[in-house]
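Next, two complexes with chain A in common: one pairs it with chain B, the other with chain C.
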Partner chain A sequence: MYDLIPHIVNGLTLGLLFALIALGFTLIVGVMEVINLAHGAFFALGAYFAVAVIGGSWFSGTEFGAWWLGLPLATRYVVALIFGPICAAIAGMVLELCLRPTYGKAPLYGLLLTFGAALVIEELIRVFWGTGEQSLTIPQTINGAFLLGGLIFSKYKFFAAAFAVLAIFLVWLLLERTPYGAIIKAGSHDSEMVRALGYDLSKLRLAVFAFGACLAGLAGITMAPIWGLRPHIGIDVVIPAFLIIVIGGVGSFWGAVAAAMLVGLSVGISGAYAPAWAMLSMYILLILVVGVRARGLLGRKSALEN
Partner chain B sequence: MISLSDIPTKSGFPLTPAMCVFLVAVASAPFWLEAVGLYSYLGIEVAIWILYAMGFNLLFGYAGLHSFGHGAYIGIGAYAFGLFQQNVAVSLWGGLLAAILAATLAGALVATFVAHRRGIYFALMTIAFGQVFWFCAIKLRWLTGGEDGLLGIPRPDMVLGPLRVSLQDNFSLYWFAAGVLGLAVLGMSRLVNAPFGRVLQAIRQNEMRARFAGYDVWRMKWLVFTLSAAIAGLAGGIFAMAQESAYPDIMSLHQSGTIVMMVLVGGGLVSFWGPVLGVLIYFVARDVIGGVTETWLLWFGLMFVVMVMLRPEGAAGLAHVIRSRLARPKAAAPAERSA
Partner chain C sequence: MSETKISRRGLLTGTTALVGGVAAFSGPWKHNRAYAQAADKPVKIGITSDASGQYANSGASDRRGMMMAIDEANAKGGVLGRKIEYIHLDTETAAATGSRVAERMITREECGFLVGAVSSGVANAISQVAQRYGVIYLNTNSSSPTESGKNCHRVKFVWDGNGTNFAKAAVKNSIDAYGKKWMLLTNDYGWGHDTAASTKKLLATYGGEVTDEILIPQGTRDFSAALLKIQQANPDVVAAAVGGDDQVAMRQQVAQLGMGEKTAWINNQQDWPDVYGLPVDNLFGVFGTTWYYGLDLPGVKEFVARYQAAYPETVMRVPGNVFYNGYMATRELLAAIERAGTTNNIAVIKQLEGLKMPAESRMQHFDAWIDPDTHQVQQTIYLATANTKAGDDKDNMFKILAQSKPDDVKDDDAAAACKLESYEDTPSFDA
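Take a look at the complex of A and B:
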């Protein structure tokens, strides 16, 4: 049992990060009723922009570049942590504008359009950053390892987990304790009613898409030092995200968080016994959950079922 | 927007003008492929993908079941063909039978889980199952050779009674693939114009009404999923022969998405022949744009995005609209906006 502790800790960290990815996804699904296959692409974009900011490769050689690289890594990291998600959010807004002609049609078109967009963004990343593996350097303070009870833990994983908890808490605060959250939630229940009450639905959708993409970008920056950064990471990441959404129930905040923890734990613990098959456990979890309860753990009836 | 159901049923003999054009084009391809600057291997590849895409469109366009994990079945077909050659016997018919059987079994199993689903949930479940198969193909090293795949799959001779034809060169393999494709397309065109095809379309339009009309919707959906997996398996068997290998990449979400893109770009939602156009557009784009720039997928992806935004009926839908405009220059405009 004692041997399992590192794996459980690993699993919980992974679960929290999955939750961060899945939250943006579930927000978009809930309000827009669009399965956004480009969510992983925003994840990748956020991380790639962060790499560009930290490495300063765009303005190397200029005076500003020299001054920028002279700043401490921690400062550059914090700037990247803000800049990356903003870029992802802008990309998200562009995609939302492209999605407008598909509203009111079968949900298939949204799925297809975002699949195409994911393909385009991935290729753009290849063009601008190359096909090779990139690495996101992190400041010394959160790098390295520490000992606890005779076991070695990576400092960064704890930082990432704490960061994810903070982000999840802030999202919860936004959704549950502010008027904006009330509008967003109302939009996912009955968008016609929201419109009738005088709220601008197209602005709401734009904002929600930007916010979801921003969360994806944030998750990308947090995840990149653990998973590495490849152009096709978007596709690798979007699959766990939507498995989690389906397991947790489409559009449900706590469903997504619970499912993410469950998936993280099952991947972590099965990783202890059969590392090569760890990722399979989430598919098995999906088939088990959805086989028994079609709507997922905490899901309610959704228009997407038709 | 027009849809498949706007096309009247053609009962009886399946040799329509479009079918004749298609069969003539397939039969004559080796004689003009190289003249227009292409190569004979491309012909095989296109024939295989047309077979795969048309089988997929039974599910996607006719029944309206949007599977996003169909790459699994062409992959399973390819592996089954290769494993049969390597472990049982070097035999063309045996291998193809094994490919069809394996894909049918896998398809039937998945269909049992997903046949009562609709819409996006159906798509999500098919993605999940597709990923399970893809994952197994990568991880079952002893069976599938992992990421490298199965290498050195032979191209067995075709034995037809006393006849024995070698399929070693691309030219003869093309004839074989084209023959299989022609038979399969004749069969499929008969099928979609039969009551079965009509019921599939009824299910797409309104599943509940189809059920109330007394059709066993679950069984129909199960059947069309399994059938389309079987056709994908057949395509996979020939694909393994063409590539002389089988590898997991074809089962990935990317490739499963590619077949959806092909079918949609061509207009599988509005025409039986849509998938053919889509496959042709895809391969021409790959070879022509790919010859100019390495980032051809970027341009193809952009084209796809724009098409979903503006003309989701695809190339076949565009042709249909143009034809109806030419036929009725003034009356066409309102009719087209009605949907």
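Take a look at the complex of A and C:
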């Protein structure tokens, strides 16, 4: 049992990171009913912009570049943490504008468009940053390891998990404690009624898509120092994110968080005791949950179930 | 008795369907392909490298190597006076795609030769198709011992060192230096399993012991569970056979924990594209390679200069082992065609079998040769570690520790397992 504790702790931190990845995805699916297959591309884009800001090799020859690179790494990291998600959000807004002709049509159109966008963004990353592995440098204070119970843990992983908790809390505050959140939730529940009440549905969708992409970018910056960074990293993200929102219940905020924790625990514990099953365990979890409860853990009841 | 009336339209439709059906099942493309490339037509090479999936990055490097060899040959007038053309299709680091790509390149694109692979699963799939058509296939960069063992083929030639070669170079020395208790970290697919099997056998031979084996599914990005397990078990040595993007993620996480120095790590093989540009602390442990751009041997500097002239925009400023293998394989294939004086596949195969390649021409320490019984290139194997004293030279990441002679690291099991098809059982054609 004593041996199991570190793996439970590891699973929980992994779960929090999965939750951070899935947050933006669930928001966009919930409000816009679009399965955004470009979520992984925004994840990558956020991280790549952060690398560009921190490293600054593309403007290092200029006077500004010399001044910028002279700043402490922590300062550049904090700026990257803001700048990367903003860039991802702008890309998200462009994609939302492209998506508009597909609204009201079969879901396949939106699915294909976001899939195409993911491929385009991945290729653009290859063009601008190359195909090789990139490294997102982090400040020394959150780098390295610490000893706990005779085992070495990564400082950064715990920082990333704490950051994920903060991000989850802030998103919850926005959704539950602000009028903007109320509009987003109402849009998710009944978009026509929101329009009837005089709110501009187009702006709402644009804002939600930008916010979802922004969260994806933030997750990218958080995960890059752990997973590494390469142009096709988005593929590693979309599948777990999709799985988590289905397990949690499509559109459910806390459902996504709970599902992410379960996925993290299943991957973490199976990774220790049946490592060959670690990747498969999340799919088994999906089958178990959806098999027993088709709408996911906290998903809304379908009209057909009444 | 019923009366059956056959209309003219019915007769025409039926005849067309019958002819179409017969044509669909019996050819004619297979034979057309064999005779389609007349002497004045270019020699066409199909590049079967990954552009997506786990080995996308290495695939790009592999491809550049082949392209440089082809461009250099074309600059000298081609081969047998014919220009060399190539096409590339993405094999996606997936065996099923590799199979489909090979079939298409042979039957539709009329490629006379196929070159390229990083994943052993993909290489095996391609070679099965290639053998069916008799098309020579160069497995440039995949390292599973089975590629020149039980999955060997008359048309296939394997250019990289295999898992056993690298394990032989490392295991005995590491037992003596670090200890007998070994833990294996194995990528859960062909190359990983075959390499682990080879390591286990060598450990048994030299008195080592496998305390545990952790299987790493392909696509794993979080290694924390495995790394906790390693800490709990506290082995003397961790022998990792993890490749591609999985390995990059693993290296970053091990470096973050500072476990690279606390445990002795033996990484069976280290492909250059997987680590190029990473911080040097990610390059912990000892690992194998077939070539390094920093080798102090004749020709190396010129080779690097040619690479830089050919690919001035490439982020990877110096060539690595994957590029090298792609280049050498293609260069030797074209030289073999020239020596054979024909593009007939059997004649070219005979030129490659047993081919001796002097150390100077391959820029390695010892002469290499193609084993006629397994079709694997027997070559120098280098053991390397991180170069912590490179200073500002960010490219100079490796420090070569030792080099093993091909005979000392030869994979004898591969020869026992390999049963090459006879020449008669291999379709013959002129490419």
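Things to note:
Everything that follows uses one rule, which is that the second predicted complex is superposed on the first by the 299 of 306 C-alpha atoms of A that agree within 3 Å, B and C clash if a C-alpha of one lies under 4 Å from a C-alpha of the other, contacts with A are read in each partner's own complex, and residues count from 1 in each chain.
Following the convention adopted for this analysis, contacts are C-beta pairs under 8 Å (C-beta built on N, C-alpha and C of every residue); 3 or more make two chains touch, one makes a residue touch a chain.
In this text the structure is predicted, and so the values were computed from the model without any measurement.
Overlap between chain B and chain C is detected when the two structures are superposed via chain A. In the overlay built on the shared chain, the residue A:I152 is in contact with chain C alone; chain B does not reach it. Once the two complexes are laid over each other on the shared chain, residue contacts for A:F242 go to chain B alone; chain C is not touched. Contacts of A:K203 after superposition on the shared chain: neither chain B nor chain C is touched. Of the two partner chains, chain C is the only one touched by A:G130; chain B is not.
Residue contacts after overlaying the shared chain place A:M279 against chain B and chain C alike. Touch criterion met: A:V267 reaches chain C, while chain B stays clear of it.
When the two structures are aligned on the shared chain, A:T102 is found in touch with chain B, with no touch to chain C. In the superposition on chain A, contact of A:L111 is made with chain B only, not with chain C. Superposing on chain A, the segment of chain C with clashing C-alpha atoms against chain B, chosen from 22-30, 328-336, 346-354 or 364-372, turns out to be 22-30.
Within chain A, the residues touching chain B in one complex and chain C in the other are 276, 279-280. Of all residues in chain C, only 52-53, 56-57, 60, 188, 214-217, 219-222, 224-226, 228-229, 231-232, 245, 248-249, 252-253, 256-259, 262, 273-279, 314-316 touch chain A in the complex they form.
Only residues 66, 68, 113, 117-121, 123-125, 127-129, 131-132, 135-136, 139, 253-254, 257, 260-261, 264, 295, 297-298, 300-302, 304-305, 308-310, 312 of chain B touch chain A when the two sit together in their complex. By the touch criterion given at the top, residues 35, 98, 101-102, 105-109, 111-113, 115-117, 119-120, 123-124, 126-127, 235, 239, 242-243, 246, 276-277, 279-280, 283, 286-287, 290-291, 294, 304-306 of chain A touch chain B in their complex. Within the complex formed with chain C, the residues of chain A that make contact are 3, 6-7, 10-11, 13-14, 130-135, 143-145, 151-157, 225-228, 230-232, 236, 267-272, 275-276, 278-280.
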